[in-house]
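Please find the structures below.
Two complexes come next, and they have one chain in common, chain A, joined by chain B in the first and chain C in the second.
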Partner chain A sequence: MSKARVATLWLDGCSGCHMSLLDMDERLLELAGKIEMVFSPLVDQKEFPENVDVALVEGAVSSDEDLEKILKVRARSKLLVSLGDCAVTANIPSMRNPFKVKDVLDRAYIENATLNPGAPVDAVPTLRPQARPIHEFVNVDVFVPGCPPSADTIYFVLAEILEGRVPDLGAKTRFGA
Partner chain B sequence: MAKRKAMSKQTLVINPVTRIEGHGKVTIQLDEQGKVADARFHVTQIRGFEKLCEGRPFYEMPSLMARICGICPVSHLVASAKACDAILATRIPTTAVKLRTVLNLAQLVQSHALSFFHLSSPDFLLGMDSDPARRNIFGLAEAHPKMARDGVRLRQIGQQIIEKLAGKRIHPAWVVAGGVNEPLAVETRDQILAVLPEALQIATGALDWFKTVLDQFREEIRTFANFPTYFLGLVSPTGELEHYNGFFRVVDSRGNIVADKLDVLNYADIIGEACEPDSYLKSPYYKPRGYPEGIYRVGPLARLNIADRCGTPRADQEWAEFRELDRGAVLSSFYYHYARLIEIIYGIERMEQLLQAPDILSKHVRAFAGTNNPEGIGVTEAPRGTLIHHYKVDDNGLIVWANMIIATGHNNLALNRGVLQVAKHFINGTKIEEGMLNRVEAVVRAFDPCLSCSTHALGQMALQVQLLAPDGEVLDELRR
Partner chain C sequence: MSQAVRVITLTMDGREISARGDQTVLQVARENNMYIPTLCHLTGLARVGSCRLCLVEVKGINKLLPACVTRVEEGWEVSLNSERLSKYRKSILELLFSERNHVCAVCVSNGHCELQTLAQTLGMTHVHFAYRYPRLAVDGSHDRFVVDHNRCILCTRCVRVCDEIEGAHTWDLLGRGVNAQVITDLNQPWGESDTCTGCGKCINVCPTGALVEKGKSVREMTKQRQFLPYLTLMRERRW
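What follows is the complex of A and B.
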């Protein structure tokens, strides 16, 4: 059997959902026999590949670059999993939504700067007015709430998907879990 | 204009930098001869924590600020709780201090294990020039299963200790303003003590092995951000390694102490924050020397350079041997890896000492008070270096202002200069090779920048390489 092509992506999140994935510990190495990690912060692939079977996405859509990435991921993946509360509801990143982008930037780069105050403008993506959940932009196949979802939950999700089933998470996790 | 075109300078862009915790990119400028003229590391995400906490009650801050980073949530939890203790203007029970210290060390162990085994050891074991498709933890698991399993196990032990103490591996709610919210049970303590010997065995085994391969990386040691800088961090009142409390100490590249016993509350007197237009990551500098001469490094390498000893037996032996590597301070950032392994050993030994003292089981672990102080500062040593949280609140205890300086930020100037040094040494503009780019990324990895943290106010980073003409035209591009 050919290995399932799995990708993981990190948008505006804290990487906690990725760390929870690593918390599968030895089960991660066991999974290595069944999956091929084709794109992830953990591997050296630089460009999101074509024909991905499952993409797990952490974090909200906050910048123009996040949006570009999620559109590409959707177009190239069969199954898209919204992993964690930030992806599902925009959670923590959305707490900046009541503020203007300019005020967010001014706090960091003008009020809290000693030298050369000013928000960066070169070689960096632009913030969108609000951080929003992934499903506002693309179709999501599986929602996995939790901050982060536990390693057991993530393992269950992956195992079910690899068996060709859509995971039923009713009893497994909840928002803020 | 024709003249400008004639001198065809070029730019390489590496985007994203991979096997680091976050998203960053590197641009490398080539001159007319194809030699490296300049290189820059950019952090490309901003998350706005310094603003988004405004109006929240301060006692929410530890839980909220932990969400800056899922890799070292405990550091933010602890630094934030310390800032909140200061707002309560209360002295927290000593047992709470010790329990937070153990939690912080457990995280040091898991985070260093992640950096060394999962992210960097593929470069050491499979080779800097090996197939990029296999050069990762999964490739490692096939080629060197024992090393991969050891890494996974060591990180697991650190995470399990956090889970046992605090109830959850990532974003636990146990650390609160005033202390911690549950005392330690005898059985829990015994379970933790029982796994420490295995952790120590893995860590010492890895260090013994790493020392034997150092020779194969002489070129990297010579060029990976190997230059004089200041080193900054916390030490205990007696000059030992310290990750929870302590004073600031600054040493220069010769290893001389230039500032000592500085109260962390006065951090703004010694640390300035400069902005650069091309990165969401600000560049802190040592204020008395100005910008950018006040370039300094933090983290494991810095901590071993500033301390007089570690304070635990095995780590002290290793520390003494480590400090022989250079005459003054140890300067090559390649040795961050080495320092990380010594700190893992220290962390395990120190947890054991703390857990064996009877008062660790005291039931008195939390102090209660209201908003007594309009301002609070909390400083700790995170795995990657000194972490500063600084809050101001109104009469109702609602946050009105916050500033955070995170470990990766302190290293920003050195990281940039390190990328330039490696690029100059390994890259020759006529042809882009994958292995030389991986070395540029590997120097970034040596610092173990946490871009999740960097992006608290700042950005994500990534790596892609482009040759650009001076007018911005893309001449060549390499992505993996």
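What follows is the complex of A and C.
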């Protein structure tokens, strides 16, 4: 059997879900025999490849760049997993949503700055008016709540998917877990 | 119990059950260890049937009935957990989550929250509706307590416990529909309330992290509910 082509994507989140993924410890070795990691912040690959079997997406859609990425990932992946509360609910990134982007940037980069006040304008993606969950932009196949979902939960999700089953998470995870 | 109360028989999820005619569907289900989800209901407080999570199906009756305020009747065939009910209950939870800003990860009640637990129990993994992300106030003017309207689901447990058990009626509702919110006195800051006795009952009956003690960090706020049945009993005896 050929290895499943798995990718992970990091949008507006803290990377905690990726840390949780690495927390699988020795089970990573077992998975390494079954999957090929074709794109991830953890591997050196610049362009999201075609024909991905499973894409695990961490983080909310907060910037124009996030939106471009998630559309591309959806188009190139068979199965898209919304991994963690930021992807599923927009979670902590969404706490800026009741405010205007300019007010948020002013608060962070001007009001509270002691050195070089001023919001960055070059070389960073433009923030969208609100951080939103990814299923508001693309179809999502599997939802995995948790902040972050535990290593056990992520392993269970991957193992079930590799066996051709839809993971039934039940008591394994919850919002804020 | 008055002598006129009859014993009746009915079925719940196919199980034959005897009950007193003055009991509610919820009481009978709980007595028989059968699960019906609830949120606004709390034993010891007046029943308002407002959250609609406890809706059940009765054969031959077209509309769904709220188990917490519906008396059982002879011969009823009640379904507690059909697919249709499960769908409605999940939708209710999704509406609650999308209406305000429930960020479990950074909530003082994370791990001790009835809304969060229900989402897990009922298998609500995401919200189909568009989140509103409203801008809502946090009132920390009281010496010991905080009300965070971002996390309030308008169950009115605080209103009822303050009125019915403490007898202060500090809490009430202001506005209608999506603009409704709980207020202290005549919509004054909690810390300036003339009627609040600082008893903390509202804190402990609140199902989420909307009413909490000051100084608690993420996951630290646990609620104590043991006092409620005793106080209810004592009030009944005295009055």
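Simple rule for what comes next: the second predicted complex is superposed on the first by the 174 of 177 C-alpha atoms of A that agree within 3 Å, B and C clash if a C-alpha of one lies under 4 Å from a C-alpha of the other, contacts with A are read in each partner's own complex, and residues count from 1 in each chain.
The rule is simple: a contact is a pair of C-beta atoms (placed from the backbone, for glycine too) under 8 Å apart; a residue touches a chain by one contact, two chains touch by 3 or more.
Here the structure is a predicted model, which is why all the values come from computation and not from measurement.
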First, second, both or neither for A:166, with chain B first and chain C second: neither
First (chain B), second (chain C), both or neither touched by A:147: both
Chain B versus chain C as contact partner of A:71, first or second or both or neither: neither
Contact breadth on chain A, by residue count: chain C or chain B: B
Which of chain B and chain C A:175 touches, first, second, both or neither: second
Partner chain(s) touched by A:82 [first = chain B, second = chain C, both, neither]: second
Touching partner for A:95 - first (chain B), second (chain C), both, neither: both
Interface residues of chain A shared between complexes with chain B and chain C: 91-92, 95, 99, 147
Chain C-facing residues of chain A, complex: 82, 85, 88-92, 94-95, 97-99, 130, 132-133, 135-136, 140, 143-145, 147, 169-171, 173-176
Complex interface listing, chain B residues touching chain A: 15-16, 18-23, 25, 27, 40, 42-48, 50-54, 64, 67-71, 73, 114, 118-119, 132-133, 135-138, 141-142, 148-149, 152-153, 155-156, 159, 169-171, 272-280, 282, 285, 287, 291, 401, 403, 438, 452, 457-460, 462-464, 479-480
In the complex with chain B, residue positions of chain A that touch it: 10, 12-20, 22-23, 25-26, 28-29, 32, 37, 41-47, 62-63, 65, 91-93, 95-96, 99, 103-105, 107-109, 111-125, 127, 147-148, 151
Residues of chain C touching chain A in the complex: 97, 101-107, 110-111, 116-117, 119-120, 123, 125-127, 130-131, 133-136
